[in-house]
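Chains: A, B, C and D, in written order; residue numbering restarts at 1 for each.
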């Protein structure tokens, strides 16, 4: 069984936010307005935050998305099992099961679970730009980064129809695919020959707030020498 | 209730049951219809991909559009394109929103009443073109005639544009984009080579950057991001070190190993200061330099006289030890490189290029190369021309805008509406109600990039010669025209020599002619799979040749299908050859240290020394956030959400102030402040920046904020009003108060 | 006052029960298509994409005219045939519909999954009149029972999106 | 109402209480109308929220919980008023409790509905609330909450109802019409036989013991909803007892407030004497001290530990944007009640009322300063904002309080708000000895 993981090299990352837009378009995240953004209702599954990291002169810009913990604090507290850790290590959110209690959003130390405060809306002319592979979440449920799980489903199907195994390049989340600085590497952590496994066990690798015991599968590579 | 149900009860309850059934059945049908409507948008399935070219800036990235049943749903980089290599920046992806923009013009329109609030009326294409042609014909005879403004693009469409307007007797002005175009003349001045500077960041080991937004959007965004990534952590190479000298804490400063806050107008002094240390400490290969540079002695003398570390330290505020350390660091690594912001002052560009010569970075891996080209035509600067118009020095009868780039440039007029007051007739080709369209009398909307034919010469940042080419990726959504047919229609309506100059009928003609030219040139290749491996193999096997194609037509088809043409042959010795072959290197001799003046992006001549006003003690510098500096549609909600990140102020203009000032004002996270200049005042979010010098603040400027559409309008007032009639390219004195 | 309260409550309860208990409202199809008559042909001949794509297509006029040069005898009216022959869109009502949050791929189930159309669509192929509602009511347990039986993935995120 | 003419000679010694049920005065009507108006307004606000989603609130990321959850904790806390207090006092045979038990128990039952209701108001998808039962996830403290609150609601309802039976029977015997039918059905055939008395006493005794651990568990579990997460200043081991103490504290305050109002409105000065208020005032004083002790322990350890994330929350409460709430809370929960109640001269009816009102405000603020500041200072450096509830949230809160008051008033019009049978001499053989020691005070004595 694969264990999907993502490595973000902070030394390479320029903070250009291409990943943020890629995620927004790929996953049908509705647009905000100044008013909604002002009260924390920006719909983003990945965003740039200023994090104080040891050894850096000023706060680093850190692309922050669901850390896909192996011990997720959010799944334990869900009263309806609407969020759970799937066998491949992706923390999934099942929208039709979610009652919108927002306990998981509060339990998450990374604050990366997003709540649909209102019904998502697109102007009429923009209706077509939504990705038909991904649902538009209704109001009142929590949503989050899924490592573009729909891409995995599609890739696996293509591979099976073609009668071959899933190749590493078949499945890449939108953010990783777009990253112009080539700062993101995605793959199977359980495969010792994969790039992610090598990078994740390298000397620069760290997991953010790992002292909380969350065991994230998003691994950052430290900036600096 | 009585004990036994009465007849009446029976009737009432039967009635209730029937009513309930009717209601329920209605509800059931209604729910069914709701269900159907809800499912509608995803009732699609056939996925295709089309190549196109990103036109959000001049980098010319090849893009790949994902279409589902012909409707675009996502834009990625074209994996075959040597510039994008399958990657793309935030702006490029947001072009998807331009296509769907609910506030796009539906078709041609003309203004009903001049002055006052804009009122528009749709006009059939024929009438709109006739109206424009009539005004153009009449204007041809007037003194200042017609002024035509466009972004400084190169390629067949730009040539067609030039040809038509030249024939119409118009004066052409171009908005220089932040590209190598400005660096090129200084490189020629230094080396005599007619070439675009190519900075090999990727392979350098140490980059000293004078304000170059390497991590934001330098020269060619996606190329710069990739170069930065590989410079930092390239395959099997050591980590590159970056020192950023910047007036504000840009994203690059944030990523740098060291950030020195030095105002842009003091940066040349620092560069020359470092150069003088190199001479003083004999870290310069004088022998080699003397063989190519005629005025080395003069240069050295000048530097050692004026730019002693002490002088530079007192001028820039950078401690002497730091200057010494920087000079030593620079030559202590194997492949150092000095880079500079493309729009920097002449003095700074000169200083930076000279430094590169001193450290031996010319034509060296990880250094500075030149990419030869035909001499570029000198082009009028649109921002300056429009300022002349706005201030009445130039009085054209017709003003034509291809786009709004000139009105967004920091050097352009701050109040576009004055142009409408001065010029009797304004024409815009913009597909959006942007700044230019807002003042236009007639709008002839062109297609948006996804609907267009493309063939363009990208801003030079890459060594290879690349021409991205593409057919429209999507169907035209609204009643718009491509630039080629627009020009053709206008030319026909004007008639005479203008019509004669027009040898095409549409952009398709122009692009196909360009592809044909490429095919007959017998060099280069269509974009090929796994660009890098192929390139490497070809180079290793002794050179590059045109890939065999059965015919020119087949070659052209492959160019269109793959998204472009590339000739990766790269002469890595061009600058050296120029020195050897022609005139010798001549260092631009630095002037004596300028006296202290207010900080700002002042370009040489503009930088008049003004005593600081006690009412307005803070020098405000304008900057355009990389994510919002679009040349096309400004109404892109996804980009507005990126503003002010990672500082947590999305959707807002923000002012960066130093911690000292922030302390005084009591600015914590998410505080609004009011900026007041002699001309206007503005409320913005304040962002506190550790290490920003006192007395300086930096204000973000987002283009198109007032006119361009529903989201754009939410950003608010145009910050450039603070500058009055001064171009926002220079510092402005303001006072900051907490609200 | 109390005289009206109870009847109104009864009416509302009946209405709510009606919506909740009864299956979706039957839908009339524009053309009296006879599946049984066409059953000799494979389903995919008309429902294109059922084995190759995510969605099984619903045939349009051009699919009919591929085989029928002239009006087929039987129940189809002259007017309806003229519409088809001129390529006008047939306003079929979609009966089997998946909720927005479910990802389902026909290709995967008909290909590697080797499911027959009838497993989900029931006896549609034997119907002589167009069905006015989905022959099989598909709910999550329908999917799950098969997934359990066949050892297919039961990961929620595999189908929910 | 002070002109009550009840005298020992009248037919029923508890005429004022019975009268309070059977007559509806203009004051009652006016208040009821006003409260109904508030409730209707809240229903409008709720409809608005259902239509627009929780976007109608001013919540956002990372402050995902706000007023509703504050109210939830507050109401569940107040619910400890009743059952727990009456049960404890019953067990320790503090006979002075007799006239106040019912008042307290009614508060418990009613307020629990609003506690649960606030959670429902807070759900993004209230239509799916049943998923909690259909697809329960046993590891979720929220599910434990659902369990313990439902048990508590059941137990406290039973505990309210059982002692009500003899009084209902009494009402059955003095009324006619629909009231008679209603009481007859609810009295469960009570005739006052010795066997029935015996069973009643047994049932009450069992429930009194049962309800105490349940009540303790309820607020412990409520506190665990917070404490089980690793959020700074939520992840605290003393949250269980701290919440229970706070709950009893706010519960007593709620009883005192209710007592003063009922006493005044229905003229029950005979039943609720200075002594009751003095005793409850002393209890409140004890709880204030306990509350102070827990608060001090909680904040001292946080401050001393110096963990940066914890300290960020701590500072935002002590000196930051939440300081005004924190210090008001401190004043309301400790300074004011302690000053008033520690002094026997001010521990009067008026004094305890003032203290109680302050305590209730303070305890509400305590819940608020537990819920919001932790969320406002998340570990991850995401953009935060200043939370201030929206009109919808305020309206729903007002609606909850109004509906509670309305239901409480309604209860007083249906059932004796004072447990009558416990106040009178019972048949010698069946009455506990202590029951005879406490009789209503003489009127105008």
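Here are a few things to note about the model shown:
In this section, a contact is a pair of C-beta atoms (placed from the backbone, for glycine too) under 8 Å apart; a residue touches a chain by one contact, two chains touch by 3 or more.
For clarity, every value in this text was computed on a predicted model and none was experimentally measured.
The fewest steps needed to get from chain A to chain B, moving only between touching chains, is 1. Closest to the protein's overall CA centre, chain by chain, comes A.
Of the two chain pairs examined here, A-D and B-C, it is A-D that is joined by more C-beta pairs in contact.
Centre-to-centre separation between chain A and chain D, using Cα means, comes to 43 Å. Chain B and chain C, compared by their mean Cα positions, are separated by 51 Å.
Per-chain Cα centroids separate chain C from chain D by 55 Å. Centroid to centroid, with C-alpha atoms defining each point, chain A and chain C lie 35 Å apart. Under the contact definition stated at the top, the residues of chain A that touch 2 or more other chains are 38, 42, 47, 49-50, 59, 97, 135-136. The multi-chain contact residues of chain B, meaning those touching 2 or more other chains, are 42, 45, 646, 648, 650.
Each of residues 100 in chain C touches at least two other chains. Every pair of chains meeting the contact definition is listed here: A-B, A-C, A-D, B-C, B-D.
Residues 36, 38-42, 47, 49-52, 59, 64, 73, 76-82, 97-103, 105-107, 109-112, 114-119, 139-142, 209, 212 of chain A are the ones that touch chain D when the two sit in their complex.
Those residues of chain C lying in contact with chain B across their complex are 3, 7-8, 10-19, 22, 24-25, 27, 49, 53-55, 94, 97-98, 100. Across the complex, chain B meets chain D through its residues 646, 648-650, 669-670. By the touch criterion given at the top, residues 52-55, 57-65, 119, 122-126, 128-129, 131-132, 135-137, 139-143, 146, 225, 228-231, 375, 378-385 of chain D touch chain A in their complex. For chain A in complex with chain C, the residues that touch the partner chain are 84, 86-88, 90, 92, 94-97, 133-136, 146, 149-150, 153-154, 157, 160-161.
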